[in-house]
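A, B and C label the chains in the order they appear, each numbered from 1.
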Amino acid sequence: MSDLLFAAEPRQRDIARELYTLARDLPLISPHGHVDPGLLAGDEPFPDPARLLIVPDHYVTRMLLSQGIPLAQLGVPSRTGAEVEQDPRVIWRLLAENWYLFRGTPSRLWLERTLSAVFGVDERLGPDTADQLYDTIAERLTEPEFRPRALFERFGIEVLATTESPLDDLSRHAKLAADGWGGPGGRVITTFRPDDVVDLEFDGWAGNVARLGEITGEDTATYSGYLAALRSRRQAFQAAGATSSDHGHPTARTVRLSPSDAAKIFERGLRGTASAADAETFRAHMLMEFARMSIEDGLVLQLHPGAVRNHNKSLYAVHGRDVGGDIPRATDYVHDLAPLLDAYGNDPRLRVVLYTLDEDVFSRELAPLAGGYAALYLGAPWWFLDSPDGLRRYRDAVTETAGFYNTAGFADDTRAFCSIPVRHEVARRADAAYLARLVAEGRLPLDEAAETIADLAYHLPKKVFRL
Amino acid sequence: MSDLLFAAEPRQRDIARELYTLARDLPLISPHGHVDPGLLAGDEPFPDPARLLIVPDHYVTRMLLSQGIPLAQLGVPSRTGAEVEQDPRVIWRLLAENWYLFRGTPSRLWLERTLSAVFGVDERLGPDTADQLYDTIAERLTEPEFRPRALFERFGIEVLATTESPLDDLSRHAKLAADGWGGPGGRVITTFRPDDVVDLEFDGWAGNVARLGEITGEDTATYSGYLAALRSRRQAFQAAGATSSDHGHPTARTVRLSPSDAAKIFERGLRGTASAADAETFRAHMLMEFARMSIEDGLVLQLHPGAVRNHNKSLYAVHGRDVGGDIPRATDYVHDLAPLLDAYGNDPRLRVVLYTLDEDVFSRELAPLAGGYAALYLGAPWWFLDSPDGLRRYRDAVTETAGFYNTAGFADDTRAFCSIPVRHEVARRADAAYLARLVAEGRLPLDEAAETIADLAYHLPKKVFRL
Amino acid sequence: MSDLLFAAEPRQRDIARELYTLARDLPLISPHGHVDPGLLAGDEPFPDPARLLIVPDHYVTRMLLSQGIPLAQLGVPSRTGAEVEQDPRVIWRLLAENWYLFRGTPSRLWLERTLSAVFGVDERLGPDTADQLYDTIAERLTEPEFRPRALFERFGIEVLATTESPLDDLSRHAKLAADGWGGPGGRVITTFRPDDVVDLEFDGWAGNVARLGEITGEDTATYSGYLAALRSRRQAFQAAGATSSDHGHPTARTVRLSPSDAAKIFERGLRGTASAADAETFRAHMLMEFARMSIEDGLVLQLHPGAVRNHNKSLYAVHGRDVGGDIPRATDYVHDLAPLLDAYGNDPRLRVVLYTLDEDVFSRELAPLAGGYAALYLGAPWWFLDSPDGLRRYRDAVTETAGFYNTAGFADDTRAFCSIPVRHEVARRADAAYLARLVAEGRLPLDEAAETIADLAYHLPKKVFRL
């Protein structure tokens, strides 16, 4: 078995390998991610290698962009009508020529391991192998074993949570349920992600709120109707298997407004007269409301703060959201979460999973908070941080203060379905390597490390996310 | 000898072991901590195992709290009259059942090493060993060798500084002096910690200031009388052996007010009309005053900024201060300390020891400051950071800029008397491991590393704290 | 060959040694630094050992200052007329007596390796060897092989960029060009550093602007004449070989002012009525202007933000600038650079190299920015961070997000000519050690690591700095 990601020192490496073996074959729990549920509902063959592995992966496209290659040359869809490369082989070759840029990055690791473990391709990607690899993968994609559901089984996924807006009609999840793949306790479940109806600054917010009314039959022209509509959608999401909500806010701010003050901002939003401060206050208030709803209905509340969305404005203008133009920012949790924690922080019915893009807060804020409030769990390293060294720094920064059992297990958080196994493999290897160091340094007996690696890989995420 | 905390690589590990051997048996210098002086003054037997090792240790109780176990079940005294578990064996069993939560934490290391080195107990704590361990420890506690003074001698402590308010009558230190244990140059000394008479936001500040007047015979209804009273108490503390003061402020802010402006805020404080900004300004001003007093009387000034006190408000409401409800916050030293450094930063008569809960500032702010001002020393990693990996990251972050000799040596900062030896052991092992890496990488000759480990463990804290 | 800075584990160490061998003998590219060009223009012998190795090196003098040794005792020139030690042997002995303070610091490494590799001195510095070492070095300095140009050749420097103000007449670079050493593509080139005519808070700014007018023949009493004068000097600098500009600002702020608003602030500056906010806004605006000029003339724009200049005020009062009294501060890049990136961030004609003193931003801000904008490159760890562990933490923090090819290669940034080889050696060793870990952990094939180490050491800085 490969020793990928284990320290070079032989004794410590042996321990890491032994621990990893205990986690390697456990089923995958994917409690948070962005896979398109239509993929599994429809179970159609994947398109070509480029549209499977390059075009939708903003880790890959942003690296090429950073070296001056416009996304249009990479086939990333444009919303301005600008011309975009259509030939997948041309896109694939462009990646192959620039593959050296990815040395030392997790993207390289993920793609290479995916090619090897999923497609059986072990040649190194490069200008001279590009066509051969392309042909091999393209051929595989036509075979029934490479359809999404077949891969899902092969990957050993026990449960996969996708992420949808309250405006989603959940028809894809209904199809999955009808096929025995979805619904409460099912293999593919949804997650309630209401940003587009909560964030007054979201493009088309007022229209979204109106649609929310139509879908639910509530009068969302009023604040109380709006709250009722959200509650109603949460129930529908739970019927589609959801066990958690997810909130992507610029900051972690929380605040308790009176209902009438909240209603006033809501109405300014509908009239189009809300300020940026209004929007921030309303998001902060709604987090409190969602925490209260969570206490009622049991959805785990996930919070993903700290991204400056669409920082690369010209990218956004041409290609829209989620194409690699977001940038992290410094994030405060200690003051911003105080109102929520004052109200509900010691309430064991509430469960909040906190993520961050700002790893400086792991030891200073997040580990002390998760290690001191019953409601808080520390989410896995997110986005730029879910890499081998990011995962190592995370355990190094948080374990001594929060232990292992205030963390929530790994969340792959990916749109790239085929990368799910390798992402979990990397996380399990990184945890094995970390635990092996504790064992080698005399800080943890081997039998307890063995129990812990299985908990981190499987039992803990199931428990924390109420799966 | 055990290789606890040393890197797995055999050559580096051999060097670490060799270095640690040179520090292992040096006397313990404990220049800052929170042991109750009454313990050593009275020299009574310790109570039961739970009240010795669990109830007062907020590292331990906050971890259990974070998993939903209320502090009342752990016997933590309540100030609301709420019922609290009284049976120490029940508390002990609760810890034993949840002992797995502490994997990878320094609390586990400290407790296990304490059980082994102090009480001779080597069985692993767990539900099935809980009663047996309890009985063994309880029995030991009745023996004369387990009284505080006997343990003090066994631990090899040369000097232990406790920490008292200016309102303390120092009678316990007088008893110690009478017994040949205290006074200037004695084995147990005090530290001047005036927060409760300096911080206008401290519960009962005005009453405290009045009491300060009674104790000193100064008229503390006036600002000048207040300053005179503080000077008077500093003298009394020096007579009780104090060589340092200690200041626990929300920020590191310093500011020079004119005497009349300071007096105005002081008077607003007495009248109960001071604002939060007044309180912050007054604390900042008083740090400048204390620096000036330090230059006069030679007390080393310790500054512990950056805790949000009683962040967990409901915990505070029921159980009061210092039960694990404080959380770190981002702290600025570069701008906040500028007024103090402009005035006294290059004055070698002043000695300021800076601590932090925000390890992000070690390389950016604290190492450059300590490596560039004669008056500044860098205190040991504090609180959440005085762990094996916290200590490693500290040396890694500060040494290249500030060297070893602008650091102040280890301060255990503990209330838990029995954990003092293991805390120093961990610090000495961590320093040995760090120095061993420098030696193994060809960055420091072994003979100089050997001299350095002894300096860090013993000579440096004695010198920096003027002991 | 020595294994300095390589990890102790034998297999990983072997890989590091093999990789370092591939970089060791490549020519040195020094794209940014502060060597006095007069040194190489005049090619006079260096003065005594103290004035060569101690007096001008503020890393060395600040460490001694931090332990209470005034800079005057170290011969650092005073601008107040205060007496200053003149005897170089006395200064040298003072360093030797306090040499233990430098254990674990890069200053020790740099000085020892310089003594060994440049002067052939392998005895350890200390009180008993001080005189002997002094005499040996002093004697060497009289020999022709120790003149600056001879050392330049011996060091294997291919190109060295010095840094000058637009007010510099570039006569020293003209002399170098006349001797076949300078000019475009030459061995010694300049860098355009306009802080003293851009920063309204710079001592004597208005006078500097007037001189800028005299030098260029432009009317710098007007804002448009001022811009024309700057453009004119940039051309003159390019004629003296410059391929980059450099900007040392307190923050990374950028802002687009209208020409008339910019002119108003400029005029307030000339009249002496500009506020601190004016100065900050003007610096921010001028960065935008310089980016625009860079797109026109091709100079690479280097930005060095985040130093609080002359934090140690009494040091500044006596000894002036650049004597070790600056301190880093927290720096924001995500918001501050947004205006510049909105305007030019995806323009491949612009090249901006970002440095920082705040390593907390490496993973949170700088790697995501450099890995997401075509115009941005990440500069080498700067100042307090260009040490073995600083370099390691840098690669560890940035590589997974930005890769290797969005970094700009090593910049020694030094005034200390003789330390140039060892600084590059340390950087090459640190990169070899980092790459060796990737190889040992199965994350990068050895042949690609081999290609990468040569790129980092040589090809990448040449390309990024357009040399």
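As a convention for this text, a contact is a pair of C-beta atoms (placed from the backbone, for glycine too) under 8 Å apart; a residue touches a chain by one contact, two chains touch by 3 or more.
Since we're looking at a predicted model, the values are computed, not measured.
Of all residue numbers used at the contact between chain A and chain C, under half are used by both chains, marking a mostly different-residue interface. Fitting chain B to chain C on C-alpha positions gives a rotation angle of 120 degrees, to the nearest 5. Centroid to centroid, with C-alpha atoms defining each point, chain A and chain C lie 40 Å apart. Residue positions 7, 9, 360 of chain C are each in touch with at least two other chains.
Those residues of chain C that touch chain B in the shared complex are 2-9, 62-63, 65-68, 100-106, 109, 124, 308, 311-315, 324-325, 327-330, 357-360, 384-385, 387-390, 393. Here chain C touches chain A in the complex through residues 7, 9, 11-12, 332, 334-335, 338, 341-342, 345-346, 348, 360, 363-365, 367-374, 376, 396, 399-406, 437-438, 440-445, 448, 451-452, going by the rule given at the top.
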